[in-house]
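Two complexes come next, and they have one chain in common, subunit A, joined by subunit B in the first and subunit C in the second.
Take a look at the complex of A and B:
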C-alpha cells in the first residue's frame, strides 16, 4: 500500500515538473520573439518602432540573452516562489487577480460537484439496476442528449428562455450594484441560479452515465446472482453487494472531478459574465496576456494531477483488490 | 443491412451525417448568395434572404450552408489525426509490448493528466490563428482515449494463436499488422472515430464561439459568436442565433449516435 502510494506520488511530481517544463518550452519554441510573450504584442510593436533601446533594456532585464540553462533555472525558481509576474491588462500580480477570480468560480463549482454527485448517483443506480426498464428507457436518452449538447448551445438556449423570455433570472453579471448584507447574498444567489443549474445538468449527466454503466455491469456478476439465489432480499443485495462495488469507480471519478473545480466552467462563465477563473483565462487568451494565460494553464494542470493522485490513493484505500495487486506488482 | 436496420439510433445518426456531407458537397449549388458578400445589415427573413442578414449584411442562410463545410472539415480532419496518432501508438504498444508499451502507456497517462481546454487555449494564444493551429490544438490531447482502448484490443488480438503462429513463421511485421491485426480493429476504429468527430466538433464550436477559432472562414461556432456578441438575443433575432445552435447540436448528435450505439452493438 505504502509502496503503491509512493510510486503514484513520484509519478505525480514528475508529471507536474513535465508540465512546468512544457510551458517553458512553449514560450521559447513558439514563432516570434519571446519578449512578446512577456510584455504583450502591442507594447512590443510600440517599443520596436519608438524606443528600441528600451526594448533591448527589457530583454536584458528579463534575461532573454542568457543561455537556455540559466533561463530555465530562473524560470523554475520563479515558479517555486509563486512569482508568476504581472498581468499586463491591469498591472496587478497574476496571483492577486487569481485569488479574486477563484472565489467566484468556487461559488459555482462546489455546489455543482455536491449536488451532481448525489443526483447522478441516485438516478444512475435506479437506471442501472433494471437496464431496459421503464426508468432506464426514459432517463438514459435524456442524459445522453444532455451530455452531447455543447455547453455553449445549452447555455444560450436556457439564457434565452429563462432570462430573456420568462425574465426569471438576470441576464448577466454576478450581483446587482449597490446592495449590501443579506440583500447582496440574495442577489448573488439570484444571479448564480441559472449558470449553476446548467453546470449541475452537465455534471449530473456525466455522473449518471458512469453510475448506470457500473451498476448494470456489477448487477450481472456471478456473486450478485449467488447472493440473490441464496435468498437474500433485493434491497440487501443492492446495498451490500452492488452499491459497495459500484462506489469504487464512482468515488475515484469524484476525486478526479476536483481537478476541474477551477477551470471546468469557462464557457458558462463567459456566457453569463461570471468573473471567475474561466472568464479570466478567456480574457487573458483573447488579449494575449501571456503571463496570466500561462499561470491559468499551470494551475489547472497541477489541480488535475493532484486530483488524479487523490483518486488513485482513495481507490487503493477502499479497494482491497487494487491494494493487493499493486503490492504483488512492486 | 438488417443489422443496421435493427439499430434505429445508429441509422438516424448515419442519416444526419449523410445529410450534412451532402450539403457540404453541394454548398456552391445550394447557397443563394456568396456568404462573404456585403449588403444591407439586420434584414428580417424574407423570400430573398431566408434567414435574414447579419450585422455586415451577409446572407445568414448562405453562411450556414458554407459553415457546414468548415465545421465538418475541422471535425473530421481533427478526428483523422486523433485516430491516426492513437492507433499508431496502440499498434506499436500492443504488438511489441515490453519497453515500447511502458513508454507509450506512460506518455498516455501524462497526456491524460494535462487539462485539455487550458492547453488548447494556451496553444491558441501562442500560435497564429488559423485552421492548422485550431486542428493541432483540438487534437493534441484528444488521442489518449483512442490510444488506450485500441492498445488493449491490439494486445488481445496479438495473443490469438494465428498471430503467434505468423510471428513464429517469420511473417513480416507490416504484413501482420496491416493485413491481420488492423482489419480486426475496423469496427472499433470507426466507432472511436465517430466519437472523436463529435468531440472535435464540440471543442471547435466552443472555441469558435469564444472567438478563438478560425478567422476568415466561418464555422457554425463562429456565426454563433457574432450572433451572441452582436446582441442578436437582445434584439430578438431568432433567425440569427437559433440556426447555428440547432445545426451544431444535430451534427454532434449524429456522430455521437453512430459512435455510441455502434460501440454498444459490438459489446
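Take a look at the complex of A and C:
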C-alpha cells in the first residue's frame, strides 16, 4: 500500500511540475511579447507610446531579456516561494488577493460539501434500496431536474423570488457595511443563505443521482443475494455488502469535489456578487489580469491533481482489486 | 418410504411470474416435498425455472416477482414470516449456495470472513474463531494453502475455487437444509467428483440441488425432479428416473448425454410469455404429441414415479 501511495504521490508531483512548466512554455511561445501578458495589453500600449523607458525597466524587472533557462529557473523559484507577482487590477500581490477570496469561497464550499455529501448519500441510498418505490418516484425526477437545469437560471429565478419579490435575502454582496461582531456574522449568514442553498441543491442532486444509481445497481449484484441468503440482517447487508461497494465511486466523486473546494462556483459567485475564487477568476479573465488568471489556472490544475491523488489513495484503501492492479496487495 | 423421515419442506402450487412489459412466467404450479435426509436434484435446461424456484422458496427474488402458492418449512409457512423471522432461518436452518461462476462473493471482503459470516450471525461465534473454522471448512474442499487463501479476496480465486468456497460457506453454519444452485458449474471433472464426495459426506443435512450436470445429479441425489419451460414434468427416485424415464422430455434429455450417443432433439422450449403453447409445453417437440396435449396435463403417479404427460393418464 505504501508503495502504491508513494508511486501515486510521485506521479502527482511530476504532473504538477509538468503543469507549471507548460504554463511557462505557453506564455513564452505564444505570439506577442510576454510583457503584454504580465502587465496587460492596455498598459503595454500606453507605456509603449508614453513611457518606453519604464516599459524597458519592467522588461528588465521581469527578466524577460534573460535567456529561457534563467527565466525558467526564476519562474520555478517564484512558484516554489508562492510569489505569483502582482495583480494587474489592484496591484496587490496575487497571493494576498487569493487568501482574501479563498476565505469567502470556503465559507460557501465547505458547508456545501458537508451537507450535500451527507444529504445526497442518505437520500440516494434510500431511493436506491427501493428503486421504483414512492420515495424514488418522487425524489428522482426532482433531483434530475435540479441536476440538469443550468445554475445561472436557477440562481436568477431564486434571486427574483427570494430577494426581489419576497425580500427575504439581500440581492447580492457578502456582508452589510458597517456592522461588527455578532451582527456581522449574522449579516454574512443572511447574505450567504441563498447562494449556499443553491450550491447545496446542485451538489446534493449530483450526489443523490450517483449514490442512487450505484446502490440500485449493487443491490441486484449476486453477492448481495448471497449475503441476504445468509440471514445476516438487512442493516448488515446494507452497510457491509452494499454501501462498502458503493463507497468506491462515491468517494471518488467526493475527492473530486474536494478539488473544487477552492476554485469555487464561478456562476453562483458572479450572480450573487460573492467575492470568492470564482469571482476572482472571472474578473481576472475579463480584465486580462494575466498574473491572477495564471495563478487561478495553476491552482485549479494543482487541486485537480491533488484530488485525483486523494481519490486514488482512498479507492486503493477500500478496494483490494485496485491495490492488486497497482501491485500493492496486502 | 422410510416412515421415520419427516417432511422438511413442502412446496405447493408455486408459481413465479415477472410482471410488466416483458411478462415472464418463470415457474408454473410446482409442488414438491423434501424429506429429512433427502438428496433432491432439480434438473432441466437453462431457463426452465430451476434457480428461480430455489430463490422463490427462500423469498430472495426481487420485488418485481409475483410469487403465489405456499412453502412450508417444518411447521412454518415461509411466505407468512416477517423478514426478521426469515433471517433467523436463512443461513442458519436453510442455507443457499449460489453459482460460483458468477459474482456470488463480495469483492471487497476476504473469503475467510465471508465463509465465517453465517457462524458469526447464527452461532454466536466471534470473528477470529469463526474464521479459523472457515479455514477448516475450506480444507474439506481441497483448496490448498487454506490459511493463506482464506485471507485473500474472491477476485484472486479461480471460478472453481470460488465455487468450492461458496459451498463451504453454505455448510458453515450446519443448516439442516442446503440449497445449491449449480454447484459444479465451471469445475473440472476431478473437482466435480470432489464436490459430489463433499455433498455425499454431509451428515444430517438435506440437499436440494439445481444442476445441469446429469452425472453429478446421479452421483449425489436420491430423487430427481425434472423441469421444462417453468413446469415440473417428472419426479422420481434417481436410479429409476435414469433407468426408466417416463416423460418424453426426460427421455430426450438423457438421450442427449454423451454416453447415450448425443442424440439431440431439435427445437427449443417455448418462450416464457408464449400464449400459443397452452397445454403441455413439450408438445411442439414431442414425437408422441396428440390432440389432448393442447390441455395442460396434471401430475400422474405411476407407482411412485410422477410424470406430467397424458400418456400416463
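As a convention for this text, the second predicted complex is superposed on the first by the 318 of 330 C-alpha atoms of A that agree within 3 Å, B and C clash if a C-alpha of one lies under 4 Å from a C-alpha of the other, contacts with A are read in each partner's own complex, and residues count from 1 in each chain.
Just so we're on the same page, contacts are C-beta pairs under 8 Å (C-beta built on N, C-alpha and C of every residue); 3 or more make two chains touch, one makes a residue touch a chain.
Values in this document were obtained by computation on a predicted structure and should not be read as measured data.
Within the superposed three-chain model, A:221 lies in touch with subunit C and out of touch with subunit B [touch as defined at top]. In the superposed three-chain model, the partner touching more residues of subunit A is B, compared with the other of subunit B and subunit C. With both structures placed on the common chain, the touch criterion links A:149 to subunit B but leaves subunit C unconnected.
Of the two partner chains, subunit B is the only one that A:286 touches; subunit C does not reach it.
Shared-chain residue A:234: touches subunit C; no touch with subunit B. By the touch criterion stated above, A:91 is placed in contact with neither subunit B nor subunit C. After overlaying the two complexes on the shared chain, residue contacts for A:134 are found with neither subunit B nor subunit C. In the superposed model, A:167 lies in contact with neither subunit B nor subunit C. In the superposition on chain A, contact is made by A:321 with subunit C only, not with subunit B.
Once the two complexes are laid over each other on the shared chain, residue contacts for A:159 go to subunit B alone; subunit C is not touched. No residue of subunit A touches both subunit B in one complex and subunit C in the other.
Across the interface of their complex, subunit C is touched by residues 220-223, 225-234, 236, 240-241, 244-245, 318-321, 324 of subunit A.
Across the complex, subunit C meets subunit A through its residues 55, 58, 60, 62, 83-84, 86-92, 95-96, 98-99, 102-109, 114, 117-118, 121-122, 153, 155-156, 166, 169. Residues of subunit A touching subunit B in their complex: 11, 15, 18-19, 22-23, 26-27, 30-31, 37, 144-145, 148-153, 156-157, 159-160, 164, 259-260, 263, 266-267, 270-271, 281-282, 284-286, 288, 290, 293-294, 296-297, 300-301, 303-305, 308. Remark: subunit B residues 109-110, 113-115, 117-119, 121-128, 198, 202, 205-206, 209-212, 221, 224, 228, 233-234, 241, 245, 248-249, 252-253, 256, 260 touch subunit A in the complex.
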